[in-house]
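Before anything else, here is the set of structures, which you'll find just below.
Below, chain A partners chain B and then partners chain C, in two separate complexes.
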Partner chain A sequence: MATVYINDKAVDIGDKRLNLVQVAELAGVTIPHYCYHPALSVVASCRMCLVELGEKTPDGSVQMQPRVVPACQTPAKDGAVVQTATSKSKTAQGQTLEALLLNHPLDCPVCDKAGECKLQDYSYQFGFAESRMVDEKNTPPNKPDLGPNINLFTDRCIMCSRCVRFTREISGTSELHIVNRGTHSEIDVFPGDPLNNKLATNVVDLCPVGALASKDFLYSHRVWNLKTVDSVCPGCSTGCSIHIDANKDVVYRLRPRENPLAQGYFMCDDGRLGYHYANSKNRLSAPKIRSGQEWKETGWKEIVSGIDNDLRAVAAVNPKGVLGVLSPFLTVEEGFLLAQYLKSLSKDARLALGPIPVTGEDDNYPKTRNGQPAKVQFTIRQEKCPNRKGIEAILQHFEGKIVHLRDSLQGEKAEAVFLTGGYPPSTQSWLEPNLAKGISKTPLIINQDLFENAVAGQSKYLLPAAAFAEKEGTFVNHAGLAQGIKRICSGPRKGRTDGQVYLDLLGRKGLLHAFSLHKEIASAVPCFAPLLTMGPQGVNLEKGS
Partner chain B sequence: MAKFEPVLLKRIAVDHSDSIGTYMADGGYRGLTRALKEYSPGQLVDLVKNSGLRGRGGAGFPTGLKWTFLPKDHPGPIYFCVNADESEPCTFNNRVLMEKDPHQVLEGIILSCYAVQASKVFIYVRYEYGPAYRAMEMAVRQAYEKGFLGKNIKGSPYSLDAVMHRGAAAYICGEETGLIESLEGKRAWPRIKPPFPAVEGAFRKPTIVNNIETVACVKQIVDLGVDWFKSMGVPPNPAIPRDAGSYGPKLYCISGHVQNPCLVELPMGITMRELIDVHGQGVWKGRKAKGGIPGGISMGVMTEKEFDIPLDFNGPGTVGCLGLGTAAVTVFDDQTSIVDVLYNICRFFAHESCGQCTPCREGTSWMFKMVGRIRNGHGRKEDLNILEEVGNQIGIMPGTTICGLADGAGWPVKNAIRKFRQEFETYIQGGESRKPLVGLQMAQASH
Partner chain C sequence: MIKPEEITWVKPPTFGLMDQIYLPAIISGLGTTLGHFAKTVFGGPQAKVTQYFPEERPELPANYRGVHRLNRDEEGRVKCVACYMCSTACPAHCIDIVAAPSPWPDREKYPEVFVIDELRCIYCGMCEQACPVDAIELTSLFDLTGLSREEMIFNKEKLLSVFDQTVAMGKDPVRTKAGRLSVASEPAGDGLTDSSSVQS
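And now, the complex of A and B:
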């Protein structure tokens, strides 16, 4: 047991190995820092976290060291006394900030980072009101082509070297380095070796100031107008925890959310930049029903009763002819409701797992330039869907086994197919030609997807699906970690979320609130019982009880 | 006191003093052969510890004590780095030793390595020292040929390999962890300590880093004994706790505005005035001295009135300088503008700051810009206060930076302004001709 005193407040840190920044956080005290990041090595070079350190002697008196110490580099020891707000530490912090701003252009009005910039925040909290510098500032040239997705505003850089350490320690690709010396130091890449690894855009999040900017987000929106929800990236089965930043039903960016249970601190560029389909104008926007060759837009009431009637008619004659295809992009709740509905038509209605999009192989980081394997810190998975495990558990419960669509089509002839999609355009070929051919033979196709898919022309009902930012529910990642996704956009105006459609089909009243279904799901499907205790970091369905 | 006979510099005037033949004819390497037989490594460490030898590189850390910081019973390898990156301005004692008597240095290196049981020594010579590098390289080759390096040196069980390394010209490579980083092929950014190099240094192995002059002293201590070494210098000052004293001979570099710039070997504790008047033969052109620098520019500046302090490890500290440093005395005459002196000093540190820690990276260049502006005739009175404060903040408040460069950059500024404030003020008030402003400077000055 070790006790550390932060500004005279005792914090019990047990036997954890923490540094003073982390301990102060436990005590609710912010020690400002730039170069320190929990996922990266400690360099203690920004000198922003300077604090006074002392020791409580057995007789109770406190002996302070005459020097200031960098909190990020100082391990917390039993009896350590840390003063973050004395005049000495405040002066040291303020002077560091003044130094950082000497050559900073102070162009906050045109800077993307303004509003979430640590240089702004700390200057306000810890800095001096005025700079005493009257001399000319350094104006190094900007580097707009640092990488395909990344722009460097060289003059804003405070040389914390987080980005350099990221490319060395996490991505292992070592593109970034520091050129020149002293006040002329700059971040740069070698000619012909741009910052283009698949984790590259994480350096934008790591950058505490506005030096590194994502070209995707650059000049697109002011951060204080963005609304943020916690969600899960639907890009692959890693299921990175993310923040979705959106405003007025437009998604502007995805950011990784720290989650030790899921991916850690980072996310890949495929996922980060793969949200654009949600804002696409080509999405299915309203439910349509086909009569002959004509499509007719119609109201949901009509659609729901139409589907219900048509399916009941098929189920009455040939129960096994009803085939529900559950996409791995559905949430657990949606899968549960749809399965429940189809099984309520007939116990013999069949359920199948939609195609699992797979691209390449699992991509592990850090890469090593000498080919030696390194301890894997991040994986981009080949399985490009977020919820295969969750849907499989649903299928296991309702069907007793997991049947793939491919096998279902080879079995008994389907008379009616309820096809759910939700696949982003990057996996546009998800409905392979032979599957499409198999489905299109079916007389009744209910087709719910984001975009017009290969069997859209043969469908009777064409329903717009909701994208990940427009619905709530639960995704279960490759390791069985269930995490909640939340709604931030309302989706197409005439659309309705997938879950709501299933709820309507079931004849249950009201609006869907996915998380209040957890009790029902947990009692029906025992493996989902841990969902009841799911926190913001999710809960693992496979480990423990 | 009898006239002092130089020991370290004894052979520099000998013809072909850099060849192993003349060196061995003068009794060289006998001490090594004897020490390998007679002394255990521990005894050699004790010998150096008892001699009170303090590192000659600038900080004056007791050498024997440093050696004892190595982990006990380490399975090895242990590395030894010789810091010949002599980049402190006005300093040239290592250069003379390496160029003129490389074997004396090498013998000292081998003895030191034996004492700490290092299996490999890296001799890190600064880029600019071409002749010194070639002389050392030649010496290493000859020592291998004669069996003073390599496997089982002179029949003893001890083996040592020497590697010559040439730096790429950066002041910061003289900082011991910066040197180690540079040696490893990285950017010479000093490491955060602890761990100290003696625990985890080059290639993550225990490493001792010593200066060229220090290892040369080790050789002389082995040859001439502890008593000889302790017979000269200044004993510890009882008023200063934990003072280790300043024993032994020291190489003093004398440069600047003197009649006879030179390198002399003298017992520790000689005064600056004696160095200038006797060995430097006085200030040049019949002028008077205005001030000087006691040991490389990072130690700060002294006025002429302070020239009577002894140049030992404590002396310069009594007049507000950082320390003895490299004992490189530089004199400027009474016609020198202190503004120019400080400008030059600030330019050096702004150029050489490695850029790792914020206060030093930004502070050194800010000070350079300010002094430059004052020099151009656009100084403001408040600039002096700001300069003094920045000088204080970038290193003198302990702990604000990782290494001592910022400390060294701050001292001369602080010293110069405190000791010559009147001259700066006169200069700012327009006593000097103004140079025209350009661009942004003009816009800012008009505010």
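And now, the complex of A and C:
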């Protein structure tokens, strides 16, 4: 049992190996820091976390060290006494900030980081109001071509080297270096070796100041106007925890959310920059019904009763002819409601798992320059859908087995297909030609997707689906971790979320609140019982904790 | 909780006979009216209050807050750096900006679109205060009229033309003069004094 005293507050850290920044966080005290990041090695180069350190002697008296020490590099030990608010610590913090600001251009009005910048926050909290710098500031030229997605505003950099350590330790690609010395140090890449690995844009989040900027987000919005919700990246089955930043129904960026149960601290660029389809103008925007060769836009009331009547007519004659295709982009709740609806038409109605988009192979990081294998810290999975496991569990419950779409098309002839999509355009060929051909033979196709797909021309009903930012529910990732996604955009004005349509088809009243369905799902499908205890970090369905 | 000793009770004045018949009060009131009447008729041109608008234009105080303008820099380019400070400060949410990387080498960012809804604006002058580069100012133009709502939504070109118009009129000189980007980026001292002194 080790006890550390932070500003006279005793913190019991047990036998954990922590540094003083982490212990202070446990005590609710913020020790300012730039270069320290829990996922990266400690270099103690920014000197922002200087604190006064002492020790409690057995007789109860406290002996303080004469100098300040960097908290990030000092392991906490039993009896350590840390003072973060004494005049010595405060002077050290203020002087460090003054030194960091010597060459900083202070162009906050045009800097994209303004509003979430640690240099702004700490200057306000710990800094001095004015600079005593009389010489001209260093203004090294910007490097707009540091990488295809990344821009470097060289003069704003404070040399914390987080980005350099990230490319060396997490991505393993080592593109970034510090060149020159002393006050002329700069972050740079070697000529012909740009910062273009698949995790590169994480350095923008890591950068505590506005030096590294994402070209995708650059100048598109001010951060204080953004609204944020916690969600899950739908890009692959890793299911990275993310923040969605949006305003006025437009998604502006995705940021990784720290989650030790899911992916850790980072996310890949494919996922981060893969949200644009949600804002696309080409999305299906209103429900349509075909009469002859013409499409007719109608209200949802007519659509829902039309679908219900048509499916009931088929189910009455040929129950096995009703085929529901559950896309791996549906949430658990949506899958549950749709399966429940189709099974309520007839017990013999068939359910199948929609195509699983797969691209290449699992992409593991860190990469190594010399081919040495390294301990995998991050994986971009080949399976480009967020919820295969969740839908499989639904199918297992309702169907007793997991049937893939291609197998069920080869089986008995389908008379009516309820096809759910939600695939982003990057997997646009998800409905392979032979599958499309198989489906298009069906007389009644109910087609719900984000964009017009291969069987849109043959469908009787064409419904707009909701993108990940427009619905709420649960995704289950490759390892069985169930995490909640939340709604931040309202989607097409005439659209309705997938889950709401299924709720309407079931004849249940009211608006869908996915998380209230957990009780019902957990009692119906036992493997989803842990959902009832799901927190912001999710819950693992397979470990049952 | 207010203590009883802190409370002062004020009683309404009681009316005497003179107050109750009202006539003395009416006569003294008419006296004031007649006094002003006489002053206007016999007091000469100084005493006149009414103006023949629009033939005669009023002299407004220098701090009058009228229609906005977007200032130009020495090279005639829009001075604004699209920092969104004005739209953030605006209590009426009438400023809409779309930023873009600037086409000029001396600047990172410029407004591709800058729109003010003059009908929604409450002319409080917060945008002027918030601007770090003194690019937006309120002018002495007060008689803003239009035949449609669309006409009253001023875009960047219109706001720059207000600058040209008001500077040509000579009544609205550029009131503030700060640094290229902000006082924050200028050496302490001259940047601060420049922006605080009103140039006329």
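Observations on the model:
What we mean here is this: the second predicted complex is superposed on the first by the 543 of 545 C-alpha atoms of A that agree within 3 Å, B and C clash if a C-alpha of one lies under 4 Å from a C-alpha of the other, contacts with A are read in each partner's own complex, and residues count from 1 in each chain.
We take it that a residue touches a chain if its C-beta (ideal position, glycine included) is under 8 Å from a C-beta of that chain, and two chains touch if they have at least 3 such contacts.
The shown structure was predicted, so the numbers you read here are calculated from the model rather than taken from an experiment.
Between chain B and chain C, the partner in contact with more residues of chain A is B. Look at A:2: by the touch rule set out above, it reaches neither chain B nor chain C.
When the two complexes are overlaid on their common chain A, residue A:102 makes contact with chain B while staying clear of chain C. Once the two complexes are overlaid on the shared chain, A:47 sits against chain B while remaining clear of chain C.
With both structures placed on the common chain, the touch criterion links A:222 to chain C but leaves chain B unconnected. Contacts of A:358 after superposition on the shared chain: neither chain B nor chain C is touched.
In the superposition on chain A, no contact is made by A:479 with either chain B or chain C.
In the superposition on chain A, contact of A:158 is made with chain B only, not with chain C. Residue overlap on chain A between the chain B contacts of one complex and the chain C contacts of the other covers 134. Contacts from chain A toward chain B in the complex involve residues 42-48, 50, 66-70, 73, 88, 91-92, 95-96, 99-100, 102-103, 132-138, 158-159, 178, 180-185. Chain B meets chain A in the complex at residues 170, 187, 189, 192, 350-359, 361-366, 369-370, 373, 380, 382, 386, 393-394, 397-402, 439-441, 444-445, 447. The touching residues of chain C, when paired with chain A in their complex, are 81-85, 88, 99-101, 107-109, 132-133, 181-182, 184-185, 187-188.
The part of chain A that touches chain C in the complex is made up of residues 105-110, 130-131, 134, 153, 218-220, 222, 224-225.
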